[in-house]
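Next up, some structures in structure tokens.
Across the two complexes that follow, subunit A remains constant while its partner is subunit B and subsequently subunit C.
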Partner chain A sequence: MDGQVETVEQGVLGHLMALERRGMGQQDQHESQRLEMLKVRAVALRAQRDQLKHQADAVKILKDKISKDLPLDDADAAGGFIELQKSLLTAWRMQLKDLQRAHHLIGGYDLVECKEGKSVCVSFHTAFEGVYLETYNMELDLTRTVQISRHNIPPSFPLESIAKQILQKDLKGFLQTLSQKLNALAGRRQQVYLLKELVGSVEVMESNQLCNILVLMCTAQGETPKAVLCTLEYGDLTQCLPTRVSIECEDKTLSESPQWKKHQSLLLESPAHTALLTMRRMGSIA
Partner chain B sequence: MDAQVRAVLYRVIRRIPNKNLENLLKKWNCLSTDQLYALDYTRPKWVTVEHVISFCEENRLNLKHITNLEMMYHIENPDQGIWHACQLTEAQDDAVCVELTQFKEQFKAHLHGVIRHISIKMKKHEDEAVWIRIAWGDNFSKPNHLKPTYIVHHLHTSYVFISNLMAKHKIFLCQALVIATKHGSIKDGHLSTRSLTAMRELLLRCYQQVFPSAHSRILQERNALPSHPCIGKEHSDHEEMRYLMSCEAFGHGPTPKLETAVYRLETRYRGNGNNTLSDREEFFRGVVRFSSSSLLDSLRHCVASGMAEGPVTPLLSAITQRGRNYFVITDKGPGVSSQASAQ
Partner chain C sequence: MEQKYEEEIQMLQQEIEMLEAEQEETLRSIFIEHGDRLQHELKSVFEERGGAQKPTLSKLITEVRELEKDLRRQTEINGIALNECFVKTLHKSERKLVQQLRLAGHCSVLLFQVEFAVTEIQDDDALLRRVTEVNIVVDGVEFKDFSAFVSRVEDTKDLLLFFRTLRTFSERCEERRQTFRHFQEKYPDVVSLPEGCRSDLMIIRSPQLPG
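On to the complex of A and B.
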């Protein structure tokens, strides 16, 4: 009341300041009440969390027992028959989800439905020597016949010819072939990359998008360093290793020597970068 | 240097802007360092052109050097003129094994076999693109170097990009391409742009495509703007969904810079207002043309902001999915989507 009498004399600004003072006073009270409420709520939530944790553990134990085919005992049926049903269902569901994750890990295909069932999307993961590389996706249209509607596979990949051969007859086979060839492509491409990174002294003279031919120039050690041209042809597109290796050098004795014959078979049997690293370690090339 | 060579050189140098000219001449490596040093790029262009021509005459350069310079300029600045895309179809079994030397030999051999006077130059760029420059002549006259055709092809893909081709030479070029790449035929790609970079990015899929997957929510990082805790977005789910839809249709991140899309209508008028138009039996012919400095960005924004209703109409998403920007729409349905092919 006093404040109101004062404000008439001091004008709008004074009025506002008085309101503010009043508001602050009330806020303190509100603050402490709110704090109490929050503390109580926190305790309640913690208790709820502990209870849920306990229930989840019980279900996990049940699920493990089911997956190991152990007999269920009375302790599990403690909560009544309905409770047991519920726990069993949850346990089954968790087991199936684990199975699904395992399926992904071993390279199974995930078909994601889109456009209300009119098409599905597939992902292909590629890896080489334990390192995950690119992921390719493809959308398949299922309205009349199975057709590819869009994808992000590089255009140099012979996708149409594979689709023409297999897609209509055998979807699983098509996905399998595609995955194999994409993995091989990623592997070959990764070999070229690793080659450039790890064995800098070797020059890549020719390669292409499909990575089905690789021409390398190495410098052979000796009294005089000589240039050796290695041509790796990858005739089989499902493989990461070449089908034919030819070694050319100005000095015929070098390319015919048993050491280089061994190198030729090394290049046929192991990935390019590993073979070249071995050759460098043995001192044959710079 | 004879008059024709000089004319070609004049045209080439005149078209290259000064800022590119210095670097290009250095890379060309046909003028000596003294000559390069003597060129003053602050003078008017015609002065520079005259100087370069006189230096070339001094060094006795010939047509080969000059066409090399022109090609280098085009390779570095590909976004000039109008480019058209063509698609090779019916790949034979050994199309995958075609290698560069084989392609070059077969291409040149065929063209030299059908046209007596022709000048072909081929260069492989480091990004796996093969650039071809053709100056056409005929059985009586020498090749015309003032109007060369440029062709770009990435081996093992089915796309060929062509600029400045005259109708009368089209058949020869198509035959040569089909034979050299071991395909059955070639057809029009219905895609023309001014920017070769945009065309290549679109057809060779160098932009980031978005596919629905089991692990969605990948686009969450786009919400980088810190928002005030007192501001709540009411329809954030819808917004996310619209954004996802727009990215699935047009790509995520920077898109190829297409400039136009043209839809030619050959349909009957279906409005319910104007009686005179809707009674006619003949087609209502019209052309709808979308233009923008970056068409795909604009369309994506239209869908993401809700201006265009989702799901994205196939008429628009066909631009990215089919890789074309010219469509003919007839009454039975758009002529484009009758066949869902892999490319």
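On to the complex of A and C.
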């Protein structure tokens, strides 16, 4: 009996204390407002969660029906049938979006029609060693002849000459050539970046916008460290590898040595940063 | 009191994220297994025009129509037709997305199957994307000497190079096929194609000259 009275008293007391606290100024007002907001948010989220659960159940039923090869159009109620169609269409839409993304990821041109079909916009995606790099965009005007109206391809790139050669005859060929050359450019540029990042001991003496020439200075290890100049010429703009490599050093015996002849081949056959990392690992250079 | 709500809210948000992900996977799996049948079932829905369509569906239908149209455009300009596309999301958070994709399709008559994994990280203002695994299977008599190239592409993870090269290769194969066919039609006595016009072998044997 006593216990009961005590708890009732505690209840009343607690309530009175709460009221007292509530009467205590602005701070409390803020707190109760925030509490209201939280309450409202929780209620909304609960509703969202419940709706999702309901949808998930509907879709599971659908999946089950399809798996068992049951007819889909004998749904219990008209409303049920619409839910079904909605789920099917949503599934279809998801698949189509996945396909779009796939085209995008494999380096597609993401062609978009603009100005009611009078022009198209294409994107050139570039990548090197699995890393996606710059994307270049171009608008092509198709009204009379095919013309490039806008683009963000670097000015050093021979865009005009390529356009002059192929654009009118063969649009797809033009896009292909551009994609090939832009990817090669991105690859060459990325090699210079990786070189600086990973092989800090090698100095880039010369390079250019088109990245078709690269002059590097390495320090050859030995009794006395010697400076070696490696010149990489990229004669083929569709390639990421050089067409010519020359090694120069004050000490002719070094530059003519079989070891450096091997290094010369390495620089011709593998990306610059990979070759230099190998050379460093072998102890040839610092 | 506040804390209780905050905890509940966090829990609900997680639950919602999980349910949405589950829903995505279930819908994907439905389409993977039963895509053809579904498209058939939905044909009747599509054929309804005007007021016959329910308003809730008409937006979805329009979206699907637009997406189909866009896909035809991409297929045409890219020269790559994708017949199968399986996507599996391994990890999804605010800043990171890891997916595995399995694609099957063809470039003119050349068939391919490509599996790859891609990781995307949102880094403030830039999106870093990289391919982390590539597996390629090609099928067709034209691919006899292709395996070295395929190995190299798999090692360097150069997915884009594979598809660029596939396009060019497919065009060359087509040119060769037409050339061979042309010769065979014009000189049927002298020219033979023992492996068919898709191979790289054409034999010219003159009945009058030795050899």
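As a working rule, the second predicted complex is superposed on the first by the 181 of 286 C-alpha atoms of A that agree within 3 Å, B and C clash if a C-alpha of one lies under 4 Å from a C-alpha of the other, contacts with A are read in each partner's own complex, and residues count from 1 in each chain.
Operating definition for what follows: a residue touches a chain if its C-beta (ideal position, glycine included) is under 8 Å from a C-beta of that chain, and two chains touch if they have at least 3 such contacts.
Bear in mind that the values here come from a model prediction, so they are computed numbers and not experimental data.
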item	value
First, second, both or neither for A:56, with subunit B first and subunit C second	second
Contacts of A:270 with subunit B and subunit C, given as first, second, both or neither	neither
Touched partner set for A:159, first subunit B, second subunit C, both or neither	first
First, second, both or neither for A:213, with subunit B first and subunit C second	first
Touched subunit A residues, subunit B compared with subunit C	C
Touching partner for A:110 - first (subunit B), second (subunit C), both, neither	both
First, second, both or neither for A:231, with subunit B first and subunit C second	neither
Common ground on subunit A, meaning residues reached by subunit C in one complex and by subunit B in the other	110
Residue ranges of subunit C touching subunit A (in the complex, touch as defined)	1-2, 5-6, 8-9, 12-13, 15-16, 19-20, 22-24, 26-35, 37-39, 41-42, 45, 54, 56-57, 60-61, 63-64, 67-68, 70-71, 73-75, 77-80, 82, 85, 87, 101, 103, 114, 118, 128-132, 134, 156-161, 163-164, 167-168
List of subunit A residues in touch with subunit B within their complex	110, 112, 114-115, 121, 123, 137-139, 141, 147-152, 154-156, 158-161, 163, 206, 208-210, 212-213, 237
Subunit A-touching residues of subunit B, taken from the complex the two chains share	91, 93, 95-97, 99-100, 128, 154-159, 203-205, 209, 211-214, 311, 321, 340-343
Subunit C partner contacts - residues on subunit A that touch it in the complex	31, 34-35, 38-39, 41-42, 45-46, 48-49, 52-53, 55-56, 59-60, 62-63, 66-67, 72-73, 82, 85-103, 105-111, 113, 122, 125-132, 172, 175-176, 179-180, 183
